[in-house]
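Chain nomenclature is as follows: A, B, C, D and E, assigned in order of appearance, with residue numbering initiated at 1 for each chain independently.
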Amino acid sequence: MTTATVNSKGVGTPTTRIYGALAIVALGWVLLGGLFFTPEDVVQGDAVRIMYVHVPTAWVAYLAFIVTGIASACWLIGKKHSLGFDRVAGASAEVGVVFMAMTLLSGSLWGRITWGTYWVWDPRLTTTAFLFVTYVGYLAVRGLGGSPEQRARRSSVIALLAVLEIPLVHFSVVLWRSLHQQASVLSPDGDIKMDGLMLFTLLFGVFGFSVLFAWLVSHRQRIMAMQDALQTNALDAAVSERLREAQV
Amino acid sequence: MSTAPVVDFVDAVAVYNGYPALAGVTMQVMRNEIVLLQGPNGAGKSTFLRACAGLVPVVRGSAHVLGCDLVIDRESVRERVGLLGHQNGLFADLTVMENVSFWSTVVGATTAERGAAMQRMAVDGQLANRRISELSAGQKRRCALACLVVRRAELWLLDEPHAGLDAKGRDEIDLIIKEAASAGATVVVASHEIERAKNLATRTVSLVAGQVRDLS
Amino acid sequence: MSMSVSRVARAVAAKDLRIELRTRVVTNQVLPFSGLVMIMFAFALDSDDVLQRVAGGLVWLATLFSMFILVQRTFAVETYDGALDSLRVAGVQPQGIFLGKSLALFIELLVLEVVLFISAVVLYRVSVGGLGAVLLVTCVLCATAGLAFVGTLYGGLTAGARGRETLLPLLLLPVVAPVLICATRATESAFESGGVTVGEGWAWVAVLATFACVFGLGGLLSFGSLIEE
Amino acid sequence: MSMSVSRVARAVAAKDLRIELRTRVVTNQVLPFSGLVMIMFAFALDSDDVLQRVAGGLVWLATLFSMFILVQRTFAVETYDGALDSLRVAGVQPQGIFLGKSLALFIELLVLEVVLFISAVVLYRVSVGGLGAVLLVTCVLCATAGLAFVGTLYGGLTAGARGRETLLPLLLLPVVAPVLICATRATESAFESGGVTVGEGWAWVAVLATFACVFGLGGLLSFGSLIEE
Amino acid sequence: MSTAPVVDFVDAVAVYNGYPALAGVTMQVMRNEIVLLQGPNGAGKSTFLRACAGLVPVVRGSAHVLGCDLVIDRESVRERVGLLGHQNGLFADLTVMENVSFWSTVVGATTAERGAAMQRMAVDGQLANRRISELSAGQKRRCALACLVVRRAELWLLDEPHAGLDAKGRDEIDLIIKEAASAGATVVVASHEIERAKNLATRTVSLVAGQVRDLS
């Protein structure tokens, strides 16, 4: 931990560079494909292009929260209680919150175009907002202070409880009669109703955002390791400060 | 077992929001000792006692109390120690009797033990049915002590037990401490009333700025 | 071990209820508060059929508000003079504390809800049939258990240190809002408002029961580490 | 004498605001709470024109809830460690304390209301014209001053002794309910919802201003004897 | 004027919820005296001090402090007395400096007086910018004393001023009390640390069960 933090100039490694390159390429394709190559929608026209950001960010946010849950479980179950898991959980939740915010933002812009309003009190939208707030709360709990161990203990509980909300968001369109799009790609009947290129671009977008997620998390997690190390250094300084106090 | 120290801190560090209230404490307390902890305000006496009780985590160094490693597990030691802090830990809207009963139930003490403790701290009789919020400062402290006495802990951690008590109460608590020690318990007392506490203690340890100062 | 958990739980619940009886937070503070919500709604929307349609939602909204106050209150009692520290240091099983405080909160909320439902019936002139009543009672019990568990869980988490209590609404809101929605839908079925049938309500009750189980179990397993500093 | 009243008032208000800035009760606790009220209403009544019609009332209802929390909080700070006793025994002019605490409460409420009105505009899609805006601002200022005065007055009364704080809602409710109604009507005029004109609103604002004057004066004269035991 | 007693209670009764905490206290304190108030827990010492400060009403008998009749008007005496109670009266979320500044502003003390008071109680320097909630018990008490010292009261009412202070703090507060008395103020100290307080006081009064016990 400390070796990596003190010596290297940045937090990049060969692996993260590969992630970065992949993410740029994939997202570049999605940009071009989404804006120019894919056809207009019969009903929605050009507005449908928002989908290539909206849906991947939503799914990758789910992915991020699930990773947070798994990492938290690993921390809890692991005999050594390795803090690495906790950092991955935290980093993943941070990225997930950002992606979820993008979903909310792109969704409300899309809503403005198709439904004529930024926001309606629709089950999918509302539960998405709840999920977002839940993870903002999770991050707030991480920021409560105390030792890194205690932070890990508290936040892992919250993470495991919060991840249960994802099914609620996903099935909200089924549970409550919803204005929002029914699950059409991941529909229970397995029947995909979409143009081939559109579907490809969408799925490639999912891939691209996933790699972006991995890239961001690997950086963020290493920054957190450095912050923990800094905290340790600060403690060293504070202890020797106090020792000097005793000499007076 | 009985030769191992009851409290064994080596270079223990405890922090509050990054402030090292204990900055490397090394200290052993053997069974049956009554140790007086002294030192200026802010030296870390209360923090040391709370760390012994497993309330404050020890983030560096090693800390063992009654054979439990506090760095790994702060919880299992707790039922064997009794802590009297600066705060009384009483419920202001309940009566004295209800408070002592609650703590007795929770720690599994008998009615007889409860009655004895209340009588010793002179919070029985009329006082027993008054609410905590209607008591004087010393009466509250007596009630907290009664709740502590019913616990029959193996390690007593007392943070200024004399503060607020009248002369009779002070004598009584000294007696209780001595009895506990002779019955096999170990006692650590933090106090600023050094004269009184010195008579009671078998040994004195000075804390300054989060460290044990060598006794000269 | 399990015997002593139940002993602790009973002692904690009895203590909380006794304090409540003596200080009357529910009666003096929470009830007028919820009463205000109900009356204000009646006042703001003075059309009978809108009122009847939203009656269920209003009751649950009022319950939710009261829950925030109650949770805050029930942990303020513990931290005011360091009693939570004393409980922790007494080696008391955290499961016992969790169950005891949840039980007390459950009972207080239940009392409140009964009053609220009665006033809804009076104020908003809703009616409920035999089958509807069964549904309503089950729904109230499940929802209240869920609220009590989750309130205790997060209340304990935020009770640890000074200044933390302001996090409580942020943490509680997104979790209890679904409860509110499910309970509202179930209640609407029980009242058969807006053309929904009683039968449709049971699905919601199942969600509520699941919620209560998850948070009950989660609390039992994790309360100990949440109340640590 | 009057110089020292204003000095005390400024010191008290500055202290209260500084504590608020540091503990962020408004931001972390009261705002999400009021946000919940707004969202829940929107959710419960998901018909756009009902929402627009009641938007004003909802903002004031949310303000009222938040006000209870704020008043309780602002006096909890004083009684927690006996600071109110210290203030009394320091021979500080009670008028100064009253004005200072009212001022701090006024500012906190105002911040809250601005946020609430903005979210009402966004969430409920209400619109307000130029004349309406003037009416709205005057109404908000008068109503908030009234609420701040009456909150401080009764907050001080119930802060005196233990257990009394639960009386606060009971005492405050009947007094602030008229404020709620007048402010709602004035706001409806400002929003021109339900066919009311802006002009009609000024009568309500006059009532609000009278209310603020009465309680401001009453507080100045009686606060000293209210905070005595 | 200067020959009239500063505190003059005759058969004064004070009640809390019907309980007579003072049950007919007759007592005079002259100018420049340092009176030690002693007695068992619940005797009414704190209540007496609070009554002198006009916080608790005297419902029977007569009570005059600094020439004001407390039965008629409890308020006008307050700006001339300074009370240190069991509670500190500090704002936990403000720093030491902010607390002392607040109290200085409110009582109209100068910046120099504030600085001097903080220095005497050793809450200046690094400590000044820490929040009260982050202080040890003794450090809080020191802060409360600093707030009291800036007041320059004519009558000082101190309820267990030594409690929680370390040895140096105790010496300092004794010095402050002596200086105040020699500068013309009058001091009443309630304390359970009788040895220390006796050295300080010019006279001792015993309270028992809400009454003054005749000194034998």
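Simple rule for what comes next: a residue touches a chain if its C-beta (ideal position, glycine included) is under 8 Å from a C-beta of that chain, and two chains touch if they have at least 3 such contacts.
It should be emphasised that the depicted structure is a prediction, and the values quoted were computed from it without experimental measurement.
Student: Enumerate, in label order, the chains that touch chain C and chain E alike.
Tutor: Correct list: B, D.
Student: Using C-alpha centres only, name the chain that sits farthest from chain D.
Tutor: B
Student: So, what's the distance in Å between the C-alpha centres of chain E and chain D?
Tutor: Here chain D and chain E have centroids separated by 37 Å.
Student: Which whole number of Å gives the spacing of the CA centres of chain A and chain B?
Tutor: The computed centroid separation for chain A versus chain B comes out at 47 Å.
Student: Using mean C-alpha positions as chain centres, tell me how far chain A is from chain C in Å, no decimals.
Tutor: Chain centres of chain A and chain C, defined by C-alpha means, are spaced 31 Å apart.
Student: Averaging only over C-alpha atoms, locate the centres of chain A and chain E and give their separation in whole Å.
Tutor: Inter-chain centre distance comes to 59 Å.
Student: Which residues belonging to chain B are in contact with no fewer than two other chains?
Tutor: 17, 19, 57, 92-93, in rising order.
Student: Note the residues in chain D that touch 2 or more other chains, in rising order.
Tutor: 23, 43, 163, in rising order.
Student: Which chain A residues sit where two or more other chains touch them?
Tutor: 126, 145, 150
Student: Which residues of chain A touch chain B in their complex?
Tutor: 145, 147, 149-150, 231, 234-235, 238-239, 242-243, 245-246
Student: With touch defined as at the start, can you tell me which chain B residues reach chain C in the complex?
Tutor: On the chain B side, the touching residues are 53-57, 74-75, 78-83, 85, 87-94, 98, 102-103, 105-108, 147, 151.
Student: Please name which positions on chain A make contact with chain C in the complex.
Tutor: 126-127, 130-131, 133-134, 136-137, 140-141, 144-146, 150, 153-154, 157-158, 160-161, 164-165, 168, 175-176
Student: Which stretch or stretches of chain B touch chain A in the complex?
Tutor: 13, 15, 17-20, 23-24, 57, 59-60, 208-211, 213
Student: Applying the document's contact rule, which stretches of chain C touch chain A when the two form their complex?
Tutor: Those residues of chain C that touch chain A are 157, 161, 164, 167, 170-171, 173-175, 177-178, 181, 207, 214-215, 218, 222, 225-226, 228-229.
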